[in-house]
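Chain IDs A, B, C and D follow the sequence of writing; residue 1 opens each chain.
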Amino acid sequence: MTIELFSQLLLNGLSIGLIYVLVASGLILLLGVVRIFNFAHGEFYMLGAFITFGCCEFLHLNFFVSIAIAIVLVTILSLFCYRFIFHYIRGDILLCTAASIGLSMMLLRGALLSFGTQERGLHPPFKGSVGIGQVNLPAEKVMAILLCIGVMFGLYWLLMRTKVGKAMRAVKLDNEVASLQGINTTRIYQIAFAAGCALAALAGGIMAPVFSITPSMGHSLLLNCFMALVVGGMQSMLGGVVGGLVVGLVLSFGMYFVGDLSEILLFAVIGVIIVFKPGGLFGEPEHHE
Amino acid sequence: MKTLLETRKLTKFFGGLAAVHEVDFQVRESEIVGLIGPNGAGKSTFFNLISGFHPVTTGTILFQERDITGVKAHKIASLGIARAFQAATLFMELSVFDNVFNGLHGHYHEPAWKAFLHLSSVRKEEQGARERVREIIDFMGLADHADRKARNLPHGHQKILGVCIAMATAPKLLLLDEPFTGMHPEETAVMIRVVEKIRDSGVTIVIVEHNMEAVMRLCDRIAVLNQGRKIAEAEPQEIAHNPEVIEAYLGSDEEEL
Amino acid sequence: MQSSGYTVLDRPLLRREVRPGGGIMKVKAWLLVVLLVAFSVCVVTGAVHAQGVKTLKVGTVLPLNFGLGVDTKKALEMLVGQFNDAGGITIKGQTYKVQLIVYDDKWTAEAGRAALERLVYQDKVQYIISIISSPTMVSGLNMIEENKILNLFSGTSLRAMNPKLRYTFGTSTTRTSLMPLWAVAKKIFPNAKTTVFISPNDEGGKARAAEEKQVAEANGIKVLDTLFHPRDAVDFTALAVKAKSLNPDIMDYPGADSGTQFGLELKAVHAAGFRGNAHLSAIAPKLDEVMQVASIEALEGLLCNIKPTELPNPPPLAKKFKDDFTRTYGKWSEAAFPWIPAWPALLEAFKKADSVDPTTVSDYIASKGLFWDRIDGPARMVRRPDLGNTKYCDSVSEALYGQIKQGKIVHVATMSRDEVVATCEKVFGPGWK
Amino acid sequence: MNRGSRKKGIIALGCACLILALLPFFTDSRYFMHLIIMTCINIMLGLSFSMLFSAGLVTMGAAGFWGIGAYTSALLVLKAGLSFWVAMPLAALATACVAFIVGLVIIRAPGVAFIIQTMIVNMILVQVFGHFEFFGGWAGLLDIPAPNPIGPITFTGKTANYYLILMLLLVNILAFYALYTSRIGRAWSAIRLNARLAETLSVDLFRYRLVAFIISSAGAGLAGSFYAHYFQTLEPNMFNVFKSIYIQIYSILGGLNFYIPGPVIGAAIITFVPELLRIGKEIEPILTGAVLILLVIFLPGGILSLPDRLGFFTKEPLAASSGKNSVQEQQEKRVL
């Protein structure tokens, strides 16, 4: 195996893995703070991609402006969903799951019927490819890598340094104590829900020029992100980051070496991890013993 | 009197922090021992170590001269160490009767497949268990509330119910975690009577408690923990005048003696 | 002090926050009951609406969660509407109109089977056309046969070619149009010696890859490797790098999707540095979708089946269909194209057999075959002795092949249906006609 | 479980059995019978979910174990030539064995991790069914024979199959009922209501949860065996994660606290509502989704909590203490 091949697969795995990182971080935020298993997350990702596409293609806006618009619109939609659905059943993870399935069904079919049946793709905003050493990577993938890393650092800063982030972490640890300390938990739930969905929309926007845009694009992505959660653990953002990268890299290298067995390979990796670390690599320790 | 429970240099670290540090502690049969200390002194962790919820970092725990360090919680329970929790930890959705009934889990001898088939031997055994539950409820004075949901009981009764459940396991050693916290004076009086009754029935008791009056009245011996270390162990009167203990309490501004 | 070691789930798994306002909730609950009852009454009464006499019920089950299903539904509804407006069909002096019943199968066996059960036992249809998804097809085959229902399906499942089946006929030509493709490829790329297949790992992909391997080797081209990918994959970079490293003359995509997924494959292969300019696809790609994700350079040299509607001067039938579709729905979509030939075939079969009885019609087709005009050209039923089926069961149609140059389709060859059959027989043995 | 509710339960079960047993005499729609049969299968799957729930575990992998039962039974009949009546118990046994091995690994996973890991197990099973030609690959298995006839009774039509699944369902319900009312069921409910407390009452969490996992999977395997021979074709994607999620919705809609009637009601609704809405064609999922969301929001305790909601049969006030409750819960939580 040559070094070029290795770095080619590595960079490719990274670029896909970072997308998983973004979506998985959103899921962790939702799971940890709001306690929702959001099966509609893939649909928010899809909406992000569609809105970005629409703004670029029909309104001829700049790519980054389009992503920003997508984030804003999806955030508004998610706040709406939170207020009229999840607000009433917050705290109950199973009811939220059931409701999110219903939401996912509605959004998926709604998107298919309203955006038309044609599959879409966004022409890359930057032409050509970037050479790193002897490896050529398409410009849009390089952009995806850079944007994702930037966003993750931004998220880290948001959670660790800002008041809202601190409040979020407090609510995640213990919502009653947090509310006793004067944190408006309802507001924090809203913010966390919106932030999680916004991350998904951002991921969708970034991926719009890389892959195709179809109503069902969120489905397989969501399953991969759940795998990332199992690998990394659901407790911290770090788990999401590591999990997403592991899933991306295993799939990239696996696809080259074992072809369609790459998914089985990924499952084998996950199996080994959960035998030794039941809560994932950065998950909580066992609690029964 | 024989030693029932003994810990030797029991230590527990959480991260880099010693929650319990080299505590030597002994409980003899049929006595009531109090365990006091300011908040965060490691009392509850100490209980958690004994009942097997946390793995011990170093040190040993002996129960009836048998090493039970590292034994799983449910095994420890079936050896005869029962625990009533700090707050009202109950099966909130169940009736008082069913709460206590669950406490008898370790006392069935018929194998599980017979239980599944509801054979007559099993039914007889369960009938016996039901009678035992009635006895315990009567003994603890909850007979009037047997059919109420635990959730709907007043706070004091909930705490007594917690003790009832622990008693249903027919323990040799009963660990009471703050049994008097949040009680009215009348309820406290009832609880004191309950604890005395249990002691008189031959069960050894360890109490973690902040209510000094009750501890002083009940306990034969008191041990004091501060910042994970045992700083004193003596009869109640001596403890009240021990300068180190007073220092520990005044220093933490928590409680007055 | 207390470390639970259980932080995310510190709170019990299920906890309902107590909400005030029980009285209002009670009213809401009653309201919900009333709404539900009213709703189900509406649904039930709606379902039992009256129907006209002398109407043939034709059922179809489509994956309405995909664009191709929705478009096929639109196309079929339009065609059936035109047919009814034109006065229907007269068989033995009796005029018939058609009522089309469309159900959704979500590309799952469970929903598909339920939909078929409903078509067969509730709506009592006698003809089922244009089933696309193979889970539905396969899970319903036995029931369709038992109830003697004429089944002209459009999917690609080889399972439906089973000789035991009496009422089931394939009207899709994706199975048969790939043999001539390689003959054409031999002409266009005379120096090609080797090829690599990139194929999805599901039933369709594996079957196509196996078939195409046979065809390629019959044409003297060596298949270096077949690379499988998961059906819903989007990232083909690793696969493309692998394919490129094998250094084939032709890159082939058996069983590929016709839309953007195919575009992503081409894009990845191009990005991996494959410059043979020789791509093959037996499925007519939806160029407008493919070109949304793949650049013109990536598409360069692709040799593929093409749809007559995409030609500069389409034949009249195709032109009419395209114009009608555009007029009715405001926007042209070629997605429905491969899935609707079952409809003209059904009408032609009624006429030829001079009957609307499904058994008579099926036996007629199985023994005498059927020639009909598809929108993309004349077609006929063929036998599949290679699959052990000596009755007419599969179909073949005139096939158009084109190559993509500078982002435009250039028509390179037309194979009449007899030529198509001839090339098929060359590879799979005689006895098709 | 007190005597009154047991009596009520037995009466309800008896009435339901009578109505269901007579059902084929009142309808001649085989489509309707198909839906009823599918409902029965779904009920068995829902029961499997709610048994695990009764032990405080939430699974999103029930469909995978259903698939193991289906594939085992189909392969035993197709490849080993066994009779359906032998293959069915073997399928349940095989499912239980797989559940035992899987359970050893994943039961210890904490809370939410367990949910996702069951999901992963489900995905692995689907991949295994699809990848290996032994299981028929992605194309699946075809022409699985109907259950072998017993004397004059053949299982090709709907009615005989219906009575068969009804018997299986009844056996399933009775067995689960016997478990719930035995000390095993009491231990499960103790674990669900308060795992910590249960542990101090010498309940072995791991072992009891493992037992629940095995038994519930065996129930799903039994349903799978019947499903394979009723449906007569299998393909891997029938058993994917989305089916598992639906299974979970059965219990949630019916009412999570009603281990047996909950899945019955929920499965009936989820099976019938989309069929009723079929005339909505492509907007059907939007309507189904809306119905689901509305039910969840307005009836968070499930459909079976409706009588309580409307104030029927309430002896004790449901949420009698509102303020105090949450305080207690807080305290309870701190202990954990």
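Here is the rule we use: a contact is a pair of C-beta atoms (placed from the backbone, for glycine too) under 8 Å apart; a residue touches a chain by one contact, two chains touch by 3 or more.
On a predicted model such as this, the values are computed, not experimentally measured, just so you know.
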{"item": "Reference chain B; chain at largest CA-centroid distance", "value": "C"}
{"item": "Identity of the most central chain, Cα criterion", "value": "D"}
{"item": "Interchain centroid distance [CA atoms averaged], chain C/chain D, Å", "value": "35"}
{"item": "Geometric centre distance via CA averages, chain D-chain A, whole Å", "value": "31"}
{"item": "Mean-CA-position distance for chain D and chain B (Å)", "value": "39"}
{"item": "Contacts with two or more other chains, residues of chain B listed in rising order", "value": "72-73"}
{"item": "Residues of chain A engaged with two or more neighbouring chains", "value": "31, 88, 92-94, 108-109, 112-113, 174, 234, 260, 263, 284-287, 289"}
{"item": "Residues within chain D bordering two or more other chains", "value": "58, 110, 112, 131, 205, 256, 282, 284-285, 300, 325-326, 333-335"}
{"item": "Residues of chain D defined as touching chain B within the complex", "value": "175, 178-179, 181-184, 186-187, 189-190, 193-194, 196-205, 316-317, 320-321, 324-325, 328, 331-332, 334-335"}
{"item": "Partner chain C, residues of chain A touching it in the complex", "value": "5, 8-9, 12, 16, 31-32, 35, 88, 90-94, 108-109, 112-113, 116-123, 129, 136, 138, 172-175, 211-217, 219-220, 234-235, 251-256, 259-260, 262-263, 284-287"}
{"item": "List of chain A residues in touch with chain D within their complex", "value": "31, 37, 39, 85, 88-89, 92-95, 97-99, 101-106, 108-110, 112-113, 174, 176, 223, 226-227, 229-230, 233-234, 260-261, 263-264, 267, 270-271, 274-275, 278-280, 283-289"}
{"item": "Chain C - residues contacting chain A, complex", "value": "4-11, 13-17, 19, 65-68, 70-71, 201, 227-230, 232, 234-235, 237-239, 241-242, 245, 259-261, 263-264, 271, 273, 286, 288-289, 292-294, 331, 333, 335"}
{"item": "Footprint of chain A on chain D - complex, ascending", "value": "58, 105-106, 108-110, 112-113, 115-117, 119-120, 123-124, 127-128, 131, 195, 205-206, 241, 245-246, 248-249, 252-253, 256, 282-286, 288-293, 296-297, 300, 326, 330, 333"}
